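Here the structure is laid out as structure tokens; the discussion comes afterwards.
Each chain carries a letter (A, B, C and D) given by its place in the written order, and its residues are counted from 1.
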Amino acid sequence: MMLSQLTPEIMYSASGIALFGIGLLGLIIVPHIFRKILAINVMGVGIFMLLVSSAKRANIDADPVPHAMVLTGIVVAVAGTALALFLVKKINDLAPSEKSQ
Amino acid sequence: MSFSFFLDIFLIGGSLTMAWLCLFSHDLLKAITCFVCMGLFVTLMWIRLDAWDVAIAEAAIGAGLTGALLLSSRRGLKKTAAKKESGEKRSGEKKSGEQDV
Amino acid sequence: MFKEIIFKEDAINKPEKGRLPTSIAVLCGVTILALCTLLVGALISTQRHSEGLQQVVSSMLNKSGVENPVTAVLLNFRSYDTLLEIAVLLIVAIVMLPQATVSKSLSLIRVQQSADPGLIMSSLLRFLAPTLIIMGGYMLWTGAYSPGGAFQAGALIAGAGILIFTNVQYQVNMQSFAFRALLSIGLCIFILSGFAVALQTGQFLEYPQKYASAIILFIETAATVSIATTLLLLYLAVAGTQEEFNHDA
Amino acid sequence: MDNIAALLPALIMLPLAVSVCCVLIKNSRVCAAISIISAAALLILSAGTLLAINTYEAGVLRYAFAGWSQPLGIELQVSGFTALMTALTCLLVFVLSIYSSVYFSSSDKAIRFWPLWWLLIAGLNALFLSSDIFNIYVAFELIGLAAVALIAIENSRAALIAALRYLLVSLLGSLCYLLAVALLYREYGTLDLVQLASMTSDSASSTAALMLITIGLCLKTALFPLHFWLPAAHGGASAPVSAVLSALVVKGSFYLIARFWLDILAPAASDAGLIILGVFGAAAILWGSAQALFASRLKVMVAYSTVAQIGYLFLLFPLMVGNTQTNAFEGAAMGAITYLIVAHATAKSAMFLAAGNIMRIAGHDNIKQLKGLVRHCPLSIFTFGIAGASLIGLPPSAGFIAKWLLLSNSINTGQWWWVIVILSGGLLAAAYVFKFLNLAFTKDDDTFTKADIVRKISPIMPLCALALALLTVVLGFNAQWLLDISGTLVYETTGQGFTVQNLAGVAQ
């Protein structure tokens, strides 16, 4: 690929997809619940990166609609993370003495 | 090859490395720290992309609050584990060598 | 993939445990790498048919009541999304409210004068917490003109709340009516204002243009209170710090 | 017509408002009373919308939130199909709310149940009515988190683990969908479904978006290889929650898969993809039915039966091959699927309620230890029988008509091999339903000789279940009405003198 094609928009979009891929890989192959929760967050950040980078074009102001979507997404992501962590805590509280599944 | 190009490369490389470490390093505490660092890299990237609202939200909620949630959850789990362990020792019911499941 | 979830905290230090065989892990890695490459290829090769909504938003911005385009999208053009999102936060808050109905105390906050938070903590409390709250208020106010808004403000105030309520001196009574009211006031005000303006303009959530900025600030304030309370509740519930007060009583 | 359109937001805002009330009030009796009244109001509202759509010329209603029309704002859109789904949701919610008010009457779970229940309903209505791809994402999160929370109120370790696994799956599915939304917005610069449908092409990015949507939503719908989370989640929840999860929640994501493949992203869809979806559906029918046959717990059996019934829905896609370039969201196969969705929703919720009653009475749901149960809860067993007949596809039920339409479509499109799958799925369903009924009717055995293990339940609970089961029979007798409403034209495509009228005649 030509280096001149390597605009910041493409670079940041590609890094967003790379973050999504890393998160997906972690979600599948790492067994610990904390890592799975982290992985889902990393995937989310990747998607947000794609949205934010596609909002930015040369010569015009950034598109606010993807920004608003990302803000919504961040809040929803923290809600999901907190729910997952709370369930983990309750599962551990209820656990028999072996502490693991 | 301008300065901003190298800045972009540095930020993208940093965030991807942090994402990888956060999912595949062995120590959970280190993983959570890497997650927060990734959030800070991503915040800088979004400032580069003129997304100030999103950057502030990511720093406060995405990296800050999620990191705090993960840290406190991990501490809570350790505490319950320790409590259970000490309870077992006191009642003398601990069977050695079979709690790893 | 989700069959073997490990909950034990220190299991992570033994990498071989519960992990997929290396061959399968490598296979997954290669597949995901290939998929990501295809996706990036698709991104580069695809023509973008449209300029996005930037033009439309900026042409309508003067009718929205605020100057910050992101706030305009969040609280005017696409306010329905934000309303549903506050409902999502309410779900998580309901799950985390303590279940025990033992505590009869009705007060929202209990202060234990005897408890000594320590020098660092008390100076943090004295200086950092008020600063965070003021910064939160500023974020809320400035969201109409420049970056900021209900979510950022809510997160800052929740940070102050976490500082205040994680030490022993102050405790929050999560079972009080006031606490539940704080959690749900955002959604409540949002729906009520949406309905009230509909009586005037005919469409749900359509603000009369003259009062748009005032209504947006009103809704945002209520939303900030709920977001801050919810985020505080999330932290306290996940950390389990205030269980003594809220469960045993 | 404008009057009806102006009431559309109420279908979403009323449940949200009730939920806020239930959070504040914290008295389970008052919450239950408010809920039943609101459910009745919601039912009237949705029935009004349905009737209005049915008599309306254009067939589609739109409502712009906050007065901003697309592409800037968010619009609601009601067609015959979505009006039918909303009406179905409100009808089930009405019956299930009455059931839940009894089911949770003596339990402190009610304080949590009611607000979460109404948030779930708001999410479902928002999903069916929405015409905006990002709004659909938020609705998915509302549904997903509320469903997880409702499973988690059971508070047993098994239920919590099932809820956590469901949460991870649901978040993963939503993220795949959100990535597709990002790709679509990047390419077309709009979020509105109708506008998107008029712009889509078969570019690489659109194809990728379609793939991501399919994977993400199949995870949520629990199509065969991705169904692993469903039995534990649906089997572990309390009875009304299982009912709404199986009857409505999985249908929401199925509806969107169908909408994207056949309508919005149809230019990017390929025939091979349609056939592959059908093959997975066929595998789901056989695998799910077989697992149901071998299940040892009653609720797990019913949950596996849901896996199988989802498979039938996916037979829609191969039947649409060659039909995708026209307005394919209508047509004969779609009529069959609409019918199947309604039939399955009523039958399956009746079945879960009956299973819940049996669990209350016997204290467990271990199939082998339920011998001779019929003496203690004849009504619930009867309900189970009727609902089972509908799942098998026996004549006087809605399930029969749905399967008949599906069979005739397979034959008419020359794809006779699906007939084998449909018929063997029916046989397997008969096997697991009769296996349980046979056991329940087996006499003597001293499992239930003494009344000490048998608990009494309020008669309202079996009556609610029975009402839903009878609904499947009523729908069986009113096939034409239902198909008219969903805007589907059955007789034109069949072209062999086969009409729904004489089909309904067969049923009678």
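In the analysis below, contacts are C-beta pairs under 8 Å (C-beta built on N, C-alpha and C of every residue); 3 or more make two chains touch, one makes a residue touch a chain.
Note that the coordinates shown come from a computational prediction; the quantities given were computed from them, not determined experimentally.
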Exercise for the section: State the pair with the higher C-beta contact count; candidates are A-D and A-C. Expected result: A-C
Exercise for the section: Let me have the rounded angstrom distance from the C-alpha centre of subunit A over to the C-alpha centre of subunit D, please. Expected result: 30
Handout entry: Separation of mean Cα positions, subunit D and subunit B [Å, integer]
Key = 38
Exercise for the section: Express in whole angstrom the distance between the two chain centres, defined as the mean CA positions of subunit A and subunit C. Expected result: 16
Fill in the blank from the handout: Per the C-alpha means, the centres of subunit B and subunit C lie apart by a whole-Å value of 19
Fill in the blank from the handout: Two or more other chains are touched by the subunit D residues 134, 138, 141, 145, 149, 152, 161, 164, 168, 183, 185-186
Fill in the blank from the handout: Multi-chain touching residues of subunit C, meaning two or more other chains, are 2, 5, 7-8, 12, 17, 39, 43, 51-53, 57, 70, 78, 81, 85, 88, 91-92, 95, 149, 151, 231, 234, 238, 240
Practice task
Send over the residues of subunit B in touch with two or more other chains.
Solution key: 28, 53-54, 57, 61, 65, 69, 73-74, 76-77, 81, 100
Fill in the blank from the handout: Pairwise touch list, complete, is A-B, A-C, A-D, B-C, C-D
Practice task
Sort out for me which residues of subunit A touch subunit B in the complex.
Solution key: 8, 11-12, 15, 18-19, 22-23, 25-26, 30, 32, 34-35, 37-39, 41-42, 45, 48-49, 52-53, 55-56, 61-62, 67, 70-71, 74-75, 77-78, 81-82, 85, 88-89, 92-93, 95, 97-101
Practice task
Using the touch rule from the top, collect the residues of subunit A that touch subunit C in their complex.
Solution key: 1, 5, 10, 13-14, 17-18, 20-21, 24-25, 27-36, 54-55, 57, 60-68, 71-72, 74-76, 78-79, 82-83, 85-86, 88-89, 91-92, 95, 99-101
Fill in the blank from the handout: subunit A residues touching subunit D in their complex are 13, 20, 27, 33, 36, 40, 43-44, 46-47, 50-51, 54, 65-66, 69, 72-73, 76, 79-80, 83-84, 87-88, 90-91, 94-95, 101
Practice task
Write out the stretch or stretches of subunit C touching subunit B in their complex.
Solution key: 7-10, 12-13, 15, 17, 68, 70-71, 139, 146-149, 151-152, 155-156, 158-159, 162, 231, 234-235, 238-241
Problem - In the complex, subunit D residues that touch subunit A - result: 134, 138, 141, 145, 148-149, 152, 155-157, 160-161, 163-164, 167-168, 171-172, 175, 178-179, 181-183, 185-186, 191
